[in-house]
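First the structure, then my questions, so here it is.
As written, the chains take the letters A, B and C, and residue 1 is the first residue of each chain.
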Amino acid sequence: MTADTHVAWGASTSVLQVAAIALGGLVLVGLMRRVRARLEGRVGPPILQPLLDVRKLFRKERLRPDQASWIFPFAPVVLIATVAVAAGIAPLITVRPALGTGADLFVLVYLLLSGSTLLALAGMDAGTAFGGMGSSRAVTIGALAEPALLVTILALSMSAHSSNLPEIVRSTLAAPGTVVSPARLFALASLLVVIVAESGRLPVDNPSTHLELTMIHEAMILEYAGPDLALVTVGEAMRMALLLCVFVNLLAPWGIATSMTPLAALVGLVSLGAKVALVGVVMAGAEVFMAKLRLFRLPELLAGAFVLALLGVVSGTVLS
Amino acid sequence: MTAGNFVVIGAAIGLSAGVCGATLPRSSRVIAAAVLVWTACALEAIAAIHVLAGGHPISLHSSELLPITGVDVVLTPLGAFFVLLVAVVAVPATLHGIGYACHGLDSRLAAGALPIFITVMLLVPAAGSVATFMVLWELMALLSLCLVLADHARSEAARSAGTWYAVLTHTGASLILVSFLVVAAHANGQSFTALHATHLSPGLRSLVFLLAVVGFGSKAGMVPLHVWLPKAHPEAPSPVSALMSGAMIALGVYGIILVGDVVLGSGPIWWWLVVLAFGAVSALYGSLHAASSADLKRLLAYSTTDNVGLVLLAIGASGLFDATGHLQLAAVAMVAALVLLLNHAVFKAALFLSAGSVQVAAGTRDLDRLGGLLRRMPQTGAMFLVAAAAVCALPPLNGFVGEWLLFQSLLHGAGLGSTAGDVAIPLAVAALALTAGLTVVAFVKAAGIGFLGRPRTAGAASAVEVPLTMRVAVGLLVAGCVVLGVVPTLVFPAVERATRSALPKISALSLSNGVRLQLGDLRGVLEPTALAVALVVAVAGINILRRGLVHRPAPRLAEPWGCGRELQTARMQYTATSFAEPVQRVFIDVLRPVQDVDVTHAAESRYFVDAVTYRSTVDDGIERALYRPVIRAVRRWGLAARRLQPGSVHRYLAYGLGALVLTLIALSVAR
Amino acid sequence: MTSSVYASTLGLSAALVLLCAVVTLWRRSLGAIVKVLAVQGAALACVALAIGFHEHDVGLEVIAVLVLGAKGVVVPTLITRVVRHDPTSRESQPLVNVPASLVAAGALVFLSFAATRSVTALEPTTAGRLIPFGVAAMLVGFFALATRRKAVSQIVGLLLVDNGVALVAFLATAGVPVIVELGASLDVLLAVVVLRVLATQMRAHVGSLDLDQLAELHD
């Protein structure tokens, strides 16, 4: 196979991955809302409602707080751009996306961190009380989640001797036993807690609340309206979808395209969709039984995730 | 002209800059000194680049300059790297100083001391023997002390900062001197090569190493010897803070590498675990205090401690891998340390200089009195934001490359089989991660409170953009942040050469492959350039898409939502203190903030409140617990010693006689 | 049983024993803590069963069933009854707060891992390499004993220590003799019975199950 086909395959699958994350993210949000509504005995909005909401928001007038600077409209763009780059290089549908050699887990984490840092800055740009409150809480949670996240990466990389995500996925496919090793399971449990914290789901943050004093993420983006809000919504949905995709591909990578044929890509896409939908449904179902934790109980949750990650590292060292 | 001449002429021009600064009239002295300093920096940099390109050290000896020992200059590739680092900070700092001059830098003392300080810093890494090194080191300490005290007439805080700095830096220097003397006593000569050839007992070697770590650590701002940083950095003029934080602190780290790796040639595992532990504690403590400081320059000072902690973490890891026989990993960790140092010099200098610009424009560096500066100082504000993003290690800026290298070296070092390493490395990763997270808190706070939102005081509201020279100075450094982040491979040949000179056991080292970083046989690849291009393309693409989707491009400005209140005031915004409150509450056992609430009731009834004042201060716990008792004890001894000095001449003469008699008795008994 | 299935079953069960020990520090509700204890008992039984199958040791399989009965069912049921009678069944104010406890647990795990390095080097079998998990579970149990206030938490801590010791015993020697295991289990059962009596007495005299209140009897 020539280098050109590699490049063409990488580029086309990367574009496919970004598109899948962009559309799939909103559908996933709709699906999770729907599942939750059903379990709570409501009918709930249609699954495609978030897409319709975004279309509506794009048609509205652009509003901007009078004190805001260029950071305010810039942040949502960066949020989407970083998630899109991460989605383009991560092995979601294929193990050989474009720039896959650079798809280090550390790189992915820091790409996503850039988007959320800019959003936190934008929260303070309007010069209101709520924005600062949301930003302050969001960055604090981010800081506390960081140790769990990086130690998790350490635990995940130990079996493949690399933190390169395609390499980890490939080594898992070659040795399926690693999935049920304690090291991998501890690390994935920790990763799940971190994903919940980073994407602002229950029990860390309640995405459906608008009560000023308890909200975190919604407080930060309170001043966004119209097309800017649409971008933030899309970006957030993409980020959650990407995190869950990475999670399922670490948990069960089967179905991902290892050969470079259109059929394999299609199988990869469908299996990824099915796996993420399953995890999303389970998460939404679990959320029905959860209450939001008090803000100052969150360190306990994140310390727990950190200890899980440490247990993953120790198990990896003991059993290697 | 040989490369050695460049070193000598550069030094001479640097010294003449000092003379110009001290003698010329006020109108021209700063500019003349700056131009001469740039020439000196350029000449020294040429010599350094020559050494890094060829790999052969420059050696000079002069027996006239210093009595008895003479002066030895040996510029190794490791030293040359540090010379370049100093020059990279010194040029923008002096350029910024031209605009900053009327804020404490244009007195004869300051204008004369600054160029000599820079020259001495350029020469410290080129010192080839103990005597030369110690003379230069002490000169550096004294001149920086003069510069910290530049504003002493106006500020009590500056005087106190000067005292703290003087005591700590001289304690450090005396420890370094003892450390060198112990080796030199057994060595055949006092040059570093002679010291390296000495055979010492393991106990003595450990003593030498520990003394050097503590001594150089006090200069590098390592916890618990960091207490001078948050005092001296805020009080010194900003270009001086930038030099001290970016360059002088790096020389403290140079000292640790010099003694640990070059003179002693590495050692047992526990040495490096000690360095690793000091690094982890410094990083965590520094970032935690940075996250809870409300003074912009104090925040930057604590962030310096945090960054030095990460560098020490990398050096400790490097030594650990070296001691367990993993040379490739040791080299990667050392490269990480040097890259982290270089990046720190660039972004921290940019931040200190921007903080200086803010102080000039808004008249304060207290974040709780700033706000909205990005709209008033668009260029300085944007540059501060980029530099802050670089500290937070956001890709594609330079901070990210350093942290990636450090993380990769730790990652590949985990699970190698030595118990100490297997336990230490996951904990080091955890420390690195928490530090990174808290750094983001600190700098989102600094940028968000200081530069976004509404101005909190009249000073901030009336701030205007600073003069062009100050913007260009910061701009040079910020451009450095971007270039070192997007194409880090540019500096890798130099860094690799310096690493091989620090760890001579490594025969070949090549981590850069075109624009891609590749860690030799280890599986780790970073594509910074491709990543940056992808990000730029994505941002541009989304902007175009948005233009296409949104039909009315001009946004309407509207009042933000105020919970039903009509008027939004600046006082309703979160302040730096309130922003840091969640972090403070989580780490309350470490930070121990002091909080008072005063409620003034109305005269008529206790049920009505006139005013509520809330104060929350976080002082340095280590200063309180470790230094205050020592200071109290010294003061008690001092008071007790006063009784020996009643003022009577006869008593003093009697002391002399007594001492003489005692000495004679001791001599006769000993014989 | 193939060796890879054996290895992963054993690894997962031993890891679950340790995880349960850590989770007891994480949760505050005493009811939940007792449930976690039951899970730990079951995981311990799993370890014994896996080793029993692998070594074709019928005695060990019998012990596994006994362990499941005693530690997975009987003891948790007994403690649940104590908890049910206590209206404030939460460990609301431990001596060391929960995040710090969790970080300390992480440190203890590393300590046990470092300390058993020489033992695991002596016995590099599949089971032998898991010994650090048992030691860690024991240390975490000790930590719970030292920092938790409620009488029920104390007994849970004691049981954690016991389970940790049992895990080490299974892993290191492929099971202690039946009689020793029975003796140890009886001891623990006795302790649980004592706890029940103590709890009943405490409630009658002091009105709560908080151990710190016993200090007031001193005056």
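Quick notes
Methods note: contacts are C-beta pairs under 8 Å (C-beta built on N, C-alpha and C of every residue); 3 or more make two chains touch, one makes a residue touch a chain.
Here the structure is a predicted model, which is why all the values come from computation and not from measurement.
Between subunit B and subunit C, the least number of touch steps comes to 1.
By C-beta pair count, the most extensively touching chains are A-B. A simple rule picks the central chain: find each chain's mean C-alpha point, then take the one closest to the mean of all protein C-alpha atoms, which gives B.
Centroid to centroid, with C-alpha atoms defining each point, subunit B and subunit C lie 49 Å apart. Separation between the centroids of subunit A and subunit B, computed from CA atoms only, is 35 Å. Annotation for subunit A: residues touching 2 or more other chains are 299, 306, 310, 314, 317.
Contacts with at least two other chains are made by residues 99, 110, 113 of subunit C. Under the contact definition stated at the top, the residues of subunit B that touch 2 or more other chains are 422, 426, 586. Interface residues of subunit B, counted against subunit A in their complex, comprise 291, 371-372, 374-375, 381, 385, 389, 392-395, 400, 403-404, 407-408, 410-412, 414-415, 422, 426, 429-430, 432-434, 436-438, 440-441, 444-445, 447-449, 452-454, 516, 522-527, 530-531, 534-535, 538-539, 541-543, 546, 549-563, 568, 570, 572-574, 578-583, 585-586. Contacts from subunit A toward subunit B in the complex involve residues 58-59, 61-67, 69-71, 73, 77-78, 80-82, 84-85, 88-89, 99, 101-102, 104, 106-107, 110-111, 113-114, 117, 120-121, 123-133, 135-137, 139-140, 142-151, 153-154, 157-158, 160-164, 167, 212, 222-223, 227, 231, 295-296, 299, 306, 310, 313-314, 316-317, 320.
Interface residues of subunit A facing subunit C in the complex, by the touch rule stated above, are 177, 180-182, 185-186, 299-300, 302-304, 306-308, 310-311, 314-315, 317-319. If you check the complex, the residues on subunit C that touch subunit A are 4, 8, 11-12, 14-15, 18-19, 22, 26, 98-99, 102-103, 105-106, 109-110, 113, 120, 129-130, 132-133, 136. Residues 99-100, 110, 113-114, 117 of subunit C touch subunit B in their complex.
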